[in-house]
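In the two complexes that follow, chain A is the common piece, with chain B as its partner first and chain C second.
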Partner chain A sequence: MKKGLITLVLAVVAAIAVSPVCFLLAGMLMDNQELTECLAPVFSDGEGFVRWHIIPRYPTLQNLVELLLDAPEFFQMFWNSVKITVCILGGQLVFGMTAAWGLARYQFRGKKVVYMLFIVLMMMPFQVTMLSEYLVLDSLRLMDTLSAVILPGIFSTFPVFIMYRFFCSIPKSIIEAARIDGAGEFRIFLSMGLPLGSAGILSSLVLSFLECWNMIERPMLFLKSKELWPLSLFLPQIKAGRAGFAFCASLMAVLPAIFVFLSGQDYLEQGIASAAAKE
Partner chain B sequence: MRKRERTGFWFVLPCLAGVMVFYLIPFADVIRRSFQKASGGGFAGMYNYVQVFGNRAFKLAAGNTLCFVAVCLPLLLLLSLTLALLLQHTAASKLFRSAYLMPLAVPAASMVLLWQLLFDNHGILNGILGQNVDWMNTDASFGVLVFSYIWKNLGYDVILWLAGLTAIPGNIYEAARVDGAGSAKCFWYITLPNIRPAAFTIVVLSLLNSFKVFREAYLVAGGYPQEKIYLLQHLFNNWFQELSVDKMAAGSVLLALAAAGFVLLLQKSWDREEEM
Partner chain C sequence: MTGKGRRMPDMEEKKKTDEKKKKRGSRFWLRGLALWLTVMLAFTAASRIADSITIAKANTEQITGRRIRHTVSASGRIEQNRELAVVTEPDILIESVAVREGESVEEGELLLQLDLESISGQIDAVNRDIQSLELQNQALSDGRSLEDAKRETDIMRAQEDYEETVRENEAAAADARRELREAQANLEQAEQELREAQTNLEQAKQEPETKDLTQEQANPGTGAPDLEVLQAYAAQKQSAYDACKASLSEKEAALEAALQTQKTEEKAAARTLEDANTPQAPDHTAEINQLTIEEYRTKLQKLERLRESKGRVTALKKGTVTGLYVSVGQKTTDTAAVTVSDESAGYRFVAKIQGEDVSYVTAGDAAELKSAGKTVQNCTVTSVEAGENGETYTVSVQLDKDSFRPGESAVMNVIRESDEYPYTVPLTALLQEDRKTFILVVDMENTVLGQQYVARKVEVTVLDKNSDYAAIESAALDSDSQVITDTDRYVEAGQRIRLIEN
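After this line comes the complex of A and B, so read on.
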């Protein structure tokens, strides 16, 4: 009885959490006539309220096909999103991973200061750094290029922190053993640090991916030309009359994120949890 | 030994250089500018700061932001802790966790359309409630924002709580049960005191995440939304559009100080954890 009640409560909250995605899915499968009918109260100022069918009356992929075959601007922005995300993630792997390794496994003068600095930066809301980012991007003449969004993203210190926490948990004895066997420091990093810290690396990649794919503030402020915009800026611009198109585009933007989320959920959870409790 | 010390530094250097170029050095410039006149660049003393504090929009935005945090944070923490505790009593924990984390993966931009349909005057929510509330254009917009924030961050906080809860050694509970303590007593005397250090981290992280709610607010309602949800983030955005560098500089420094204060508190709690 008590167990049943608990499950019920959990299930209700779960349903609320997932419902928006189901809603998008239903919207994608509706034909235009059904959409117009359902949405009339909002978009054509009719009477009554929006009604929604969880299961479309006549499921169709018509709108999706239209989006995929007949919307070059969608592909442009999708491609922009991919470029931004891949570049930032790649950069974080090169710069963030080495920094995390250096902070986790070595002692050097000023290390504590650097670590504190990274933590403070990681916690700063974007609004704190937005003027300074603008100043440096402007002086480097990078405004209105994809680099304006990518470069500051690469040097975000949040991934460093996540990987640092995982690198710290590698037992010292393993590293010492490799050292005694005569492995060079960089070799140790590549052949011991990377495989043993892979959970942390994946955690930070999953978290960064979700962050980059959802990026709004930076592109909004630093990219003027529409053809450079990522998907996340494009979606809200779709006009109300094209509801079917908007549904498909929204869903296509969600899908990669959901895919990464589902396949990396364990790593995502570990990454989030690494802040709350010591490994 | 000295050589190895240098190796560590070399590992950190590339990243540190990037952080210097893109964040630190320009921020030093921002601090300098916050004491300068907007035109001409002469020394302005505290003038910009006084301007910011006297600004009506700033007072409105700061008040709203504080109010938002004061409402959201307790709500989110309580809800997520309850869920985390309940999750410990179910076999399908993983499935539920997936569901709660899902909103984290959904880009704010994809939700814009849904939020419009849900919260419109003739929207779905009014249809369900049988009422006629204009959610986005009255003070009810505040409720919409609170809901968005909780919807988005619930899973994140549940995972944080779960991490804290599983870190409590199970044998304490067993010992208490042998002594005849019920689940209420166990919660009050074991769970609550032991979860305190984790709780602090969770509070700070949730607080800093609350700044991202701007995305939803901005995408749904634009740069000048209903007055009750005009947040500091909107204000900064509008200053940026107007290129009010002087006000932005002073504002950034103030915001940075506030955030740094919270971070230092967080760091203290981590240090204490390490000592334990």
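After this line comes the complex of A and C, so read on.
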């Protein structure tokens, strides 16, 4: 009984949480006339309330076909997003992982200061650092290039923090045993650190993916050429009256994130649990 | 073996199984992501292919400055400046025709051969006509003399009748007057006597002593007259007076009647005389006949000359036969049988142009004429005249003698160049919408797909144009602009285009 009640409450909350996605799916299959009728209060000075049909009265694939075959700019932005995300994640694996291992397993002068810096930088919102980033990128002549978005992402502090927690949880005795067996530091990192910290690495990659895939401020600020814009900047360009097309584009944009989340869901849970436990 | 030892392996197996499931689930979603990316890649290609198919391809041209050349072309014919009509005597049979239309002839060259017998017949007919008219005139002349004599006789008789009437009527009137005078005298006399008798009667009535006197007077020698006698005498005088008065009236009436008769008869006689003197309507038949005779004589001379030349009709001047209005076997008419252009007067080219072209052709302009295999330049337009309807104009170009033949067709080209305009575009680049003229120029736009060519609409004013180019004016143009001259599909402003490389 108690379990059923809990399930019911959770189901209701889940339904509310999932409802925007359901609206998205329904809107994607509606034609422009039906959407105009439902969304008329939005476009007509806010009089009345929006009506919505969970199941469209006149379903059509017109918007989907238009998006997939008649909107090459969507795919240009999609692959820009893929490029940015893959480069950032790759960079984080190279630099973030090694930085987190170094902070977690080694003692050096100024370690606490560096760690504090990482924490402070992680806490700062983008609006605080964007001017300094702009000046640095401009002096490096990286403005209006994908590197202006990728490089700051590679050297982001949040993934380091996540992976640091996991690397810290690796028992010293295992590392020492490996050293005694004659493994070098890099070997220890590759053979011991990466497998044992894989949960943290993957969870940070999932979170980083979600952050990079939905990035808006940096591209809007640093990328002037529209051909470099990521997918997150496509939706604002869709004009009013093309709501169905916008719904389709939104769904296409969210699908990769869903795939990545579902594939890395367990590691994400482990990462969050680990962080909570450490706290 | 303890229970805990047996639970330990179960938990580990369960843990391993859970991990395997999680890994399988994770791999499943990763494969889904890979598949999704593959599908997106395929649709990326498909979308690009569809875009390359749907994007409009455009031909462009640089906007340059140039002069607008107006070429007015018109087809027309060569005409002679002077044309001579060859007229011969009518009603003569044509034996043969020696020329055809468009043929060149020399002066004196045979044009027509007329039948000599027909000419001779014409001559005979004319002679007969002349003779007939002469006889008519003779008859007219004789008849006129008789008429004149008769008329004189009538006049003389009328005159005599008139004079006699006047005389007789005057005599009658004189008699009537005389009788009237006599009647008047008698009336006066009677009146006098009456008056005397009345006086005596009055006196007798008034004085008795005078009675005797009265009687004595009434009856002189009788002693004293009687009153009754005086009365009777007075009555008698009264009667005599009345009778004289009546007679006078009759005489007056007779005089009046005589005068009236005189007037009437004299008037009638005068009219008769006047009628006799009225001149007769002039009869010019003889003169007309004489004129006709002279005409016939002239015609006879021509026919005789024609017979002397053995019926040959030749060209008067060197030229080209422009019209042939007779044929073998027909008879000649009184209109031109042949028309020949006078080569010495030269030729001109005549063509019609539309009203919209007339502003580019004026007298004095240089013109070029082209005919089959021949081009003559440096001709001059001599005149441009409006047609009757005002929509077409006739252009004349003077030609040299040897350049063309009359009747030949040719094409005239008059070229006029305007001043240099800074912006000119091909005519195919001009578009019309809502009564406004605009062009589409190529702009480079920074789009999601990179630098793309986009069509931009620019409203222009057309200053001048010919069949190929138009001079335009707009504040939004510069010399580096590329204008879209042609597309393979409809292009709207703001639409992406693809340039066709020439």
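For this structure, a couple of remarks:
Here, the second predicted complex is superposed on the first by the 250 of 279 C-alpha atoms of A that agree within 3 Å, B and C clash if a C-alpha of one lies under 4 Å from a C-alpha of the other, contacts with A are read in each partner's own complex, and residues count from 1 in each chain.
One rule holds in what follows: contacts are C-beta pairs under 8 Å (C-beta built on N, C-alpha and C of every residue); 3 or more make two chains touch, one makes a residue touch a chain.
This is a predicted model, so every value here is computed, not measured.
For the composite obtained by superposing both complexes on chain A, the positions of chain B and chain C are free of clash and fit together. Once chain A of one complex is fitted onto chain A of the other, the partner contacts of A:R105 are limited to chain B, with no touch recorded for chain C. Within the superposed three-chain model, A:I216 lies in touch with chain B and out of touch with chain C [touch as defined at top].
Counting the residues of chain A touched by each of chain B and chain C gives the higher count for B. Contacts of A:Q33 after superposition on the shared chain: neither chain B nor chain C is touched.
When the shared chain is aligned, chain C comes close enough to touch A:E227, but chain B does not. Using the contact criterion defined above for the overlaid structures, shared-chain residue A:V260 touches chain B and also reaches chain C. Superposition on the shared chain A places chain B and chain C such that, viewed from the Cα centre of chain A, they span 110 degrees in steps of 10. Of the two partner chains placed by superposition, A:S198 touches none, neither chain B nor chain C.
The least CA distance from chain B to chain C in the superposed model is 13 Å. Across the two superposed structures, the residue set of chain A contacted by chain B and also by chain C is 234, 260, 262, 265. Residues of chain C touching chain A in their complex: 22, 25-30, 32-33, 36-37, 40, 43-44, 46-48, 50-51, 54, 446-451. Interface residues of chain A, counted against chain B in their complex, comprise 3, 6-7, 9-11, 13-18, 20-21, 23-24, 27, 39, 41-42, 45-52, 94-96, 98-99, 101-103, 105-109, 111, 114, 116-121, 123-136, 151-152, 154-155, 157, 160, 185, 189, 210, 213-214, 216-217, 221, 231-236, 238, 243, 246-247, 250-251, 253-254, 257-258, 260-262, 265, 268-269, 272-273, 275-278. For chain A in complex with chain C, the residues that touch the partner chain are 68-79, 82, 224-227, 229, 234, 237, 255-256, 259-260, 262-266.
Looking at the complex, you find that chain B touches chain A at residues 4-12, 14-16, 18-19, 21-27, 29-30, 83, 86-87, 89-90, 92, 95-114, 116-117, 120-124, 126-127, 151, 154-156, 159-164, 166-167, 198, 201-202, 204-205, 208, 211-212, 214-215, 218-219, 232-233, 236-237, 240, 245, 248-249, 251-252, 255-256, 259-260, 262-263, 266-267, 273-274.
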